[in-house]
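Chains: A, B, C and D, in written order; residue numbering restarts at 1 for each.
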Amino acid sequence: MKTLPAPMSAREFDELFQKVRNWGRWGPDDERGTLNYITPAHVRAAATLVRSGRSVSLSLPINTVAGPDNPRPAVHYMVQTYDVKSDIGEPQFALDYLASEFHGDCHTHIDALCHIAYKGKLYNGKLATSVVGSQGPTSMDITAYAHGIIGRGVLLDIPRLRGAKWLEPGEAVTREELEATEKAQGVRLGEGDILVFRTGHHRRRLELGPWSCEYGGEGKAGLHPTAMLLLHERKVAAFLPDGDGETVPSNVEGVAYPIHTLQIAAMGMAAADSLQFEELVKVCEEERRWEFMVVIAPLRLPRGTGSLFNPIAVF
Amino acid sequence: MKTLPAPMSAREFDELFQKVRNWGRWGPDDERGTLNYITPAHVRAAATLVRSGRSVSLSLPINTVAGPDNPRPAVHYMVQTYDVKSDIGEPQFALDYLASEFHGDCHTHIDALCHIAYKGKLYNGKLATSVVGSQGPTSMDITAYAHGIIGRGVLLDIPRLRGAKWLEPGEAVTREELEATEKAQGVRLGEGDILVFRTGHHRRRLELGPWSCEYGGEGKAGLHPTAMLLLHERKVAAFLPDGDGETVPSNVEGVAYPIHTLQIAAMGMAAADSLQFEELVKVCEEERRWEFMVVIAPLRLPRGTGSLFNPIAVF
Amino acid sequence: MKTLPAPMSAREFDELFQKVRNWGRWGPDDERGTLNYITPAHVRAAATLVRSGRSVSLSLPINTVAGPDNPRPAVHYMVQTYDVKSDIGEPQFALDYLASEFHGDCHTHIDALCHIAYKGKLYNGKLATSVVGSQGPTSMDITAYAHGIIGRGVLLDIPRLRGAKWLEPGEAVTREELEATEKAQGVRLGEGDILVFRTGHHRRRLELGPWSCEYGGEGKAGLHPTAMLLLHERKVAAFLPDGDGETVPSNVEGVAYPIHTLQIAAMGMAAADSLQFEELVKVCEEERRWEFMVVIAPLRLPRGTGSLFNPIAVF
Amino acid sequence: MKTLPAPMSAREFDELFQKVRNWGRWGPDDERGTLNYITPAHVRAAATLVRSGRSVSLSLPINTVAGPDNPRPAVHYMVQTYDVKSDIGEPQFALDYLASEFHGDCHTHIDALCHIAYKGKLYNGKLATSVVGSQGPTSMDITAYAHGIIGRGVLLDIPRLRGAKWLEPGEAVTREELEATEKAQGVRLGEGDILVFRTGHHRRRLELGPWSCEYGGEGKAGLHPTAMLLLHERKVAAFLPDGDGETVPSNVEGVAYPIHTLQIAAMGMAAADSLQFEELVKVCEEERRWEFMVVIAPLRLPRGTGSLFNPIAVF
């Protein structure tokens, strides 16, 4: 089953942008956006989901191999190994070095609210060029999430609904299909939840090998922009996709990445890219539940537009 | 009050090493070490500590400024800012780059079990040079912790016990002082716990500025090696210090870093370095409790000897 | 005309290795190898070739774009631009950052003598594992060339001889063809000369786009191993190729890169990789000469196995 | 003897800026600035200075150690050593990685013309913010010097004139002292020459250790701004100093780095920083001459604001 992407005009997109826009909702200088939906009660409730004590990484291994979807591979080198004797005595140390330009399709990372501008404006209407200069952002950087994000994660596994291994590049998931998935799994997205959205992107990569998922390449499967209305109504706090949520090519005239635009610039949502759920789905099936506690702990990087991270689901 | 460090001979240290050694305890190829102490029941119990829903970072901000304790500053650059228009339409993106040699005294990081060798041997008796080559470790790398570490954190705040702002460089905390701190705070370290050990290192840095805490410099405050017996008996699973747990100069003849040696090489303990608890202590005082859930999510870095990370305490 | 590569057995290769081997020729601890052929008289003579005063780079632009022949792209970021005002007054500065793993097929670089081991031995018979540890080489690093290499460059332009734009991947140039090229161009390689060897590699890349020139890919054009006898007899001091001199796949059983092996490990030759001569050939044709002064100035990098560089031809 | 720095008002500095300004002199889009002074005849003449065939590096070794004058140390790691066997046969390779933010007081580098803006303008009056964006400069980058700079180098050794080992931080060299040095050494700076300007900065560092040579530190010795009139009148093409030519603190009200401002923004001069002449002065004394051929070969880095380099003097 291939979802036909309904094309959207620029004007329709701007109307949608207005509808889901949270500018000013939590004050003019808010830096937490939809994380404001997560109350202490939500955190407590999320903790009650810890029953079997199992935990699962939602991160890809850091990838140092260039490829069609990894034009900026991480670099990782040993700094010192055990051929080096210390002149002050035992012990000896092995050390390493990691460098990464982490945005893109191959590194599991979270975006800061300063990462995306639509028509020159960031979340809350801030002028993009005023916030981000050559020394990095002066506000809405990734340290806004420094103390972690803890909440209820809800997996919506679209290939499971479809009875497919994965969605094909270019396919778009609608609001209706999200709701059908909720029903099939017996879960319902609610206020302050963390949506874990699976298209099977990484499963496809494991089986078919890497492909270029950008414009000019094969593209990727993601959400249809109108699905964002559901996330807005339900007051979803954060978004963790395999792929990055985007359908490429997009369904919107003149907007190459409408999902990031709506989530980050309009809604102020904590959004991440390029996770993998191949371990998660096994645990969900074994546990027969699609809700769990999620803990997100981005590196505490002043002026970061995002961060490599390793989100953890706890059952 | 200055604890007089009781010097320890090389022979005494080797006896201590034998006493706390967990080699073979969980099989010859175990890569989880003392994390084996954390059972599902411990994880569940840790989750029940989530009551107020507050969370606190235990990480320093990533530090790009060279200094006496930061000879290898992280580098962080903008890759792209909002002067770049996309030729495929909206939105625009701000991107950055981070590189780090993360071991050392200024970057909050966790160590993998391959990071330390004593007399040529790693945890479980593995030959250090066989495990770690120029392409990095072939086992006991940081991906052994990929699925996160979740447990009960117990803060032992030594300056609080002493009525001091911080411990001075060179001071060593004994087993007896740890036990006195437990009593004063009404907590008791138990099996599978994560010891959060505070010397006030970062408080001192905030007030007095950075100093060289290595050999040849002023040194640092930490544990006395015999204190490791307590951690061993109590079956502590992980260790999160400000500073790095070491007293510099050390109290052991010929062993410059005895704490890392015992924790990592002998015990197989998940050990971290260079955290900060200045935000944590405020919350502990407000909550009037020194136990909380801790979530540790190292980057999923194959062949890493460790990882930058942002440990989170949840109350 | 396609040169049929005559296959060479492992035994034949070892005999060739012995024949061209300069181990001990300039003493057991020599680090200059065939640069010893360049006498002050040769430098003086090279300087007399400067007549028109034109100079030409033999370097590729530094390449930050990943591709089939560039799996480890250089990274280049702005550190600061003119949005940053100094608080100590004028002027303002723009700054940048460059990082590179420079060996490979896309970065113009020179190799140090420690870069290649054959059967565990470096040039002069040094044990490879004794010279190069995790902290880099303790001798024969690129600083052996710190004071520059100045000599007579002689271009041998094989595609010109063949009347082709370039050699195809897999084609091997024999000693006979080098001699035919000398004759056609009216030049003769002599003692202390710098051989500038053109296969048209970069011309092919400009016209056809990048390809994988390694094993498992399309390969590359280069020298036949026996051609090294000519370089040895003529006492050539240095080697500057487009491509890297290697024919891939190689003509030698069990030796993937025989040219590097002979040049660096056996002969101690200053050898470079991945230059481009597209600007050079135009000047040569205009000047009607294929000899010129060459200046090689590697970065002064202690413990470097090589260096990015920009070799200059002066006419 | 300490040269008393004559303070200069902002107005006087602007008059000086006008006097030495070469904007428009070689056309509105010129990117070579004072290199236009170097004619083919100058290159030929420089080559005739090659008589003994000796060559000398004017570069510091690349410095990976943080210190008061090296807040951004280069990083250098081994990528692979001889523990790695190839699965396609001999030979084996040792590889490394170098990363550097090369501007500053400890890395020998050359500046591109886009590196400095005075009152928002670059050389030739270009608007700084228009030329340099987050993706680097669109003109006047270091590739303007891609084909190398070859000319006559003239060493003016100020400590030699003064009978001192070095100049002390804060001391400024006047036009008169440059002329006295010319006389003492029997040389005269002329059109198209490369001025090699020695304050003994690196000699001082070798003997006394590193110091902070920036504002807030001890400062450095350099030129007095009025000395730039001599360079302008004599049509000097390029400037190679130990230190960076600047006196810190500067002699100009409101202008922290007047020498760079005049050289680069006003004159369009090829200017470099942080060379060392300790090897050069020995050769000059032995050869009894202070003129030689200089070859400058910056890395061919598109959009670079400068480059690490290894300038070579040939006698």
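Here, a contact is a pair of C-beta atoms (placed from the backbone, for glycine too) under 8 Å apart; a residue touches a chain by one contact, two chains touch by 3 or more.
Model, not experiment: these values are computed from the prediction.
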item	value
A-C compared against A-D, more contacting pairs	A-C
Candidate from B-C, A-B or A-C with the same interface as B-D, over half of contact pairs in common	A-C
Where chain A and chain D are represented by their mean Cα positions, the distance between them in whole Å	47
Chain C and chain D, separation of their C-alpha mean positions in angstrom	28
Inter-chain centre distance, chain A versus chain C - centres from mean C-alpha coordinates, in Å	45
Set of chain C residues in contact with two or more other chains	75, 78-79, 81, 83, 97, 99, 101, 133-135
For the chain C and chain A complex, residues of the former touching the latter	65-66, 70-73, 75, 78-81, 83-84, 99, 101, 133-135
Of all residues in chain A, those that touch chain D in their complex	75, 77-79, 97, 99, 134
Chain D-touching residues of chain C, taken from the complex the two chains share	39-44, 46-48, 50-57, 59-62, 75-76, 78-79, 81-83, 86, 88-103, 108, 114-120, 128-129, 132-137, 143, 146-148, 150, 215, 254-257, 260-261, 265, 279, 293, 295, 297-312, 314
